[in-house]
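My structure is below; once you've seen it, I'll send some questions.
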């Protein structure tokens, strides 16, 4: 533990977030996501849910402002009646974390496309999130000279 | 050994079952299956037969209910007079383990197709099962919020 | 995730619990414990507290009934006014998990002795528990023939 | 699997038996033995019992005829009323496997001494044997020119 | 060394033979074969010739009876006047080892095809055999329930 | 790079700082310190000086408030006329970083004792600091519940 | 540290520069570059800027004189108003380091092409440079007999 | 060092030469060759020139007599006025080492083709040879029964 | 295989012989010697006997002429009627290999002392030699300037 | 190869020289020295002699000026008539390399003491030097601020 760093961020996760550069992507995966079989780098956060991890990560992680889709969700499969309430929670967290308070609009990928994308991202964080369609992909932006 | 966990499940096998996610597949292979040459992850259970391992695994392992073929066998090669009696045993075990007591129908892949599929599954468990055509592939389902 | 296994138990933790035998010891360490420098095997559960982990582990983990001190805490350093309320919570969890509902009495080691002991245990689980004097050592018992 | 080799002998176990030389020792450990924490080399045979493994091993493994105690058990702890029936089974298997049909007498080590010895043996085979006091240490003999 | 196991079979070779399954292939390579550059798994038996190794292996190794070509040699290159006498020795050893005393007919691959095949086999055993065209590929069969 | 984290802290250094617990020690070593031969874990920050690294680290790293000597320097060898001006800089940085603005007094170890201690600390950070007697050891404190 | 070698060159960086041969390429990457995800070999120089690293490297590193483009930058993306002042600094350093005082002209690759090229270079040096479009690729030349 | 083995042959080089078989290739590379980026197996002989290494290797290494081009050089690039005098030295060493005193004619590959071939050879020996166009590829022949 | 190098010397054995220096020791062990449990570096030569290996090694390996006991055997245990005929064979091979044709006298260590020494030697070569008391330790001498 | 760096310094040797700090020691060992069995880190420079390596190293490597014995040789064993002429060569090279042209006096350790010391030094460089008593140990000094 360190001063000011939320407990949801493990040493390994922090290292990975710091190593990532402009355009690198990370997925926060729910408990049913096949994370181990798809991840180049796997970080397990067993027992945690995605919203608390997302909130902690966004303190440090800049979203890519050069693209339209810095945050991507898995589209509800056709015919599935589920309404993923957790998406609203994500939108709220993302917008609050946005530097200029600018709303961050979520984008979507079909299930299979999301799985294919998962094989290419820098890291996957395996949580125990139980909400459905809760996986979220974040694309890293740049740190500007200050 | 732990309380309530059958002895057929080795520590490594339990770890692998826990790491797997929705859609990941595992094969319980008989003693003649070329497991070591086909497996991404190999778990040896020398001296054990498949039914006892299958029964133990299904205590923890949810079958995929979103697909038609969560359990796949290797089709009898044309011209081979063998009648794999072990299949009935599998069907019984699968149905008994099914949450809603719903019958689980077995599906089939031709020998070569089964071998190709074996190279892609998350793990292969190498048993000493001596029955012919005894290999069985299981596709993992989801754990629902409760 | 698997059926019936609490999300606080990571695949690696379950594997370690299964590998342990009679007399092997494990420490659930709080967030300030120097776990990485003392552990032979380190399992991180960042973001979790000890009570929820303890409760989950005791579903599977038999305490050693052949010894007086199957559960050991770090003694309060002389002069420190702290009263570790979390100990009562531990006692309750341990007693509830005890097979015969028998009360499990906690034992104590001085701080330095606890640190020395930590270097010899089978594994240390590093949690984010923030309560003081919250580290707890468990000694594994036997599974009896049934 | 190979012709004439019992299924209880895994590839890794056979390799270890072949690597051992005169005077090297191996322990067949029961399911509660702390095998992983004591073994220089660990071979898991989850789901198997010791008698079937012992019988299979003795087809290949010569006991040391130059010493008095080529087979050693863990002594019953003082005050423990257990009568380990499995010992008779061992004696029978050992005697039957003895080349000259000569009776093999079992020797004993106190519990703590057995644990210390376990740290020095060439390999420990972790079985799921549930009988108490079932651990057995074997000392390898020589293959004579024929 | 173990009782009844020929000295030509090293611990590593025995392990590999046991790991192989139905359809897996192994090459016994002569001293000039580029074994190290072609092998997925390399087992060196320096100082030994192929016939003694072949004879030892066939005690344990079942040839595949479901295919026409369970034993394959490298065809003599066109224009090369060599007559590989060692082939007759192989045929004799193979036929003697055949369970039903059935003659085992040798098949052939052109040099380049043999090299390509070598990259795919489970293991290559590098001997010091000096006869020309002495490489032999064996395809593993099945162990039947008895 | 991440938001709000100084560039002097490499991903590996941050990971190490997070892994450390109460009582674990870290040394910021100057360019001439034999860091590689003494470190259990070595982190290189070539091209950087110690004050900038110290300042960055103290944003996250709590000094141990339970001991008298949370910050230790290497004593000037007897007879050496050097007056390490950098020590004042350290004192200032430490005091400014102290949570309660409380002055942090530096302690000292003789050269040989410092070298011996270096072999036991959790990590050594090898900088290119050129000032003499510039090595500084920091002992980690605790993060209190808030 | 060694005599005459600038502190910006870490031991690992020097080793890599020495291992490189004619035509091998290295990228000095700015702090936002996705170095870890693109590098075959990654060298971190956290806290340093590119000009000081470039200047140090060119003491030892010969630019390829057989090609037109021994030094390559990432082209400004169309529509981006940035004017990378750091390029002039690079040109000056390169020309000063040129053996014959000959001006070294910089070449350019489009952003995506630069990223693709980055996956093939011998090593990427990850600095904390904050200037935009500051990444620079160097192609190694030959050392002539003297 | 051993009796009768030239000092230019390192233990690792000798091992590699012995492991190679008929048709395997090795490159002796000059000091500017990008050996580390092209080699499957890299052997460094810093400070040595190629002729002394070539002479030492040919004591043990049989050139392939079944092919036209057992020794291959890199062709001078069109327009380059260099005349590689070292080639004559090579021819002399090769012819003297030839078993039947038969002249060994050198063959050539264009620069790019040589680089591509380098990626496929069994090993590359990185020397400090400073002559231009000094790289030489050798193809191993067979040891005949004697 | 290479020209002039006996087939009994494997690539790994040659590498080890070359790495050894003045005073380093090697043991040629018989088939019953506990080589794997005693060796720092283990080289297996399954199927070979010691005399052929000894003869091959002595072509390259200088015995230490500065000590009285460059070749050491295991003394016959008191009471054992064995007369190890192989010792004479050793003496003959050693004397024939001696540079000046000088007789090499064999020295002896008691069994336990030989085992202790075995743990310290540079390498142990595990053969399948079946003669009793056949283990032999060789101490390496120096190569003189010529 | 790099500009201005002598070819006798391999990439690995340069890395090691840079990693060493004040008081760390390195041995340049002759061809008969048991380098591999004594070295913590081994660097092979087969085919090179010590004087050329020593000269190259001293361009970068500062000798320790705070001790009396920064350069240590192995004393001639009593009774040995050898007069190691190479020592004068060393003295000359050391004195020439000394920053202030100050003579560097060589110190001595008895053979056994030198061997013991060898086990503790940072690295041993194994050359093919054939002169007797040619081993030399160097202790690294400091780089002063300039």
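Per-chain numbering from 1; labels A, B, C, D, E, F, G, H, I and J assigned in written order.
To be clear about the criterion, contacts are C-beta pairs under 8 Å (C-beta built on N, C-alpha and C of every residue); 3 or more make two chains touch, one makes a residue touch a chain.
Per UniProt, the chains are A, B, C, D, E, F, G, H, I, J = Fucose isomerase.
The shown structure was predicted, so the numbers you read here are calculated from the model rather than taken from an experiment.
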Same-interface partner of D-E, chosen from the options E-H, B-E or A-F, over half of the pairs matching: A-F
Rounded Å distance between chain C (Fucose isomerase) and chain J (Fucose isomerase), as computed from the means of their C-alpha atoms: 53
Intercentroid distance (Cα basis), chain C (Fucose isomerase) paired with chain B (Fucose isomerase), Å: 35
Centre distance in Å when chain C (Fucose isomerase) and chain E (Fucose isomerase) are each reduced to the mean of their C-alpha atoms: 54
Cα-centroid distance, chain A (Fucose isomerase) relative to chain C (Fucose isomerase), in whole angstrom: 32
Set of chain C (Fucose isomerase) residues in contact with two or more other chains: 1, 10-12, 19, 31-32, 143
Pairwise chain contacts under the document criterion: A-B, A-C, A-F, A-G, B-C, B-D, B-E, C-D, C-F, D-E, D-I, E-H, E-I, F-G, F-J, G-H, G-J, H-I, H-J, I-J
Residue ranges of chain F (Fucose isomerase) touching chain C (Fucose isomerase) (in the complex, touch as defined): 19-24, 122, 140, 142-145
Residue numbers on chain J (Fucose isomerase) that touch chain H (Fucose isomerase), as the complex places them: 1, 7-13, 31-32, 44-48, 52-53, 128
Residue numbers on chain F (Fucose isomerase) that touch chain A (Fucose isomerase), as the complex places them: 1-5, 10-12, 14-19, 21, 59-62, 143
Chain E (Fucose isomerase)-facing residues of chain B (Fucose isomerase), complex: 29, 31-37, 115, 130-132
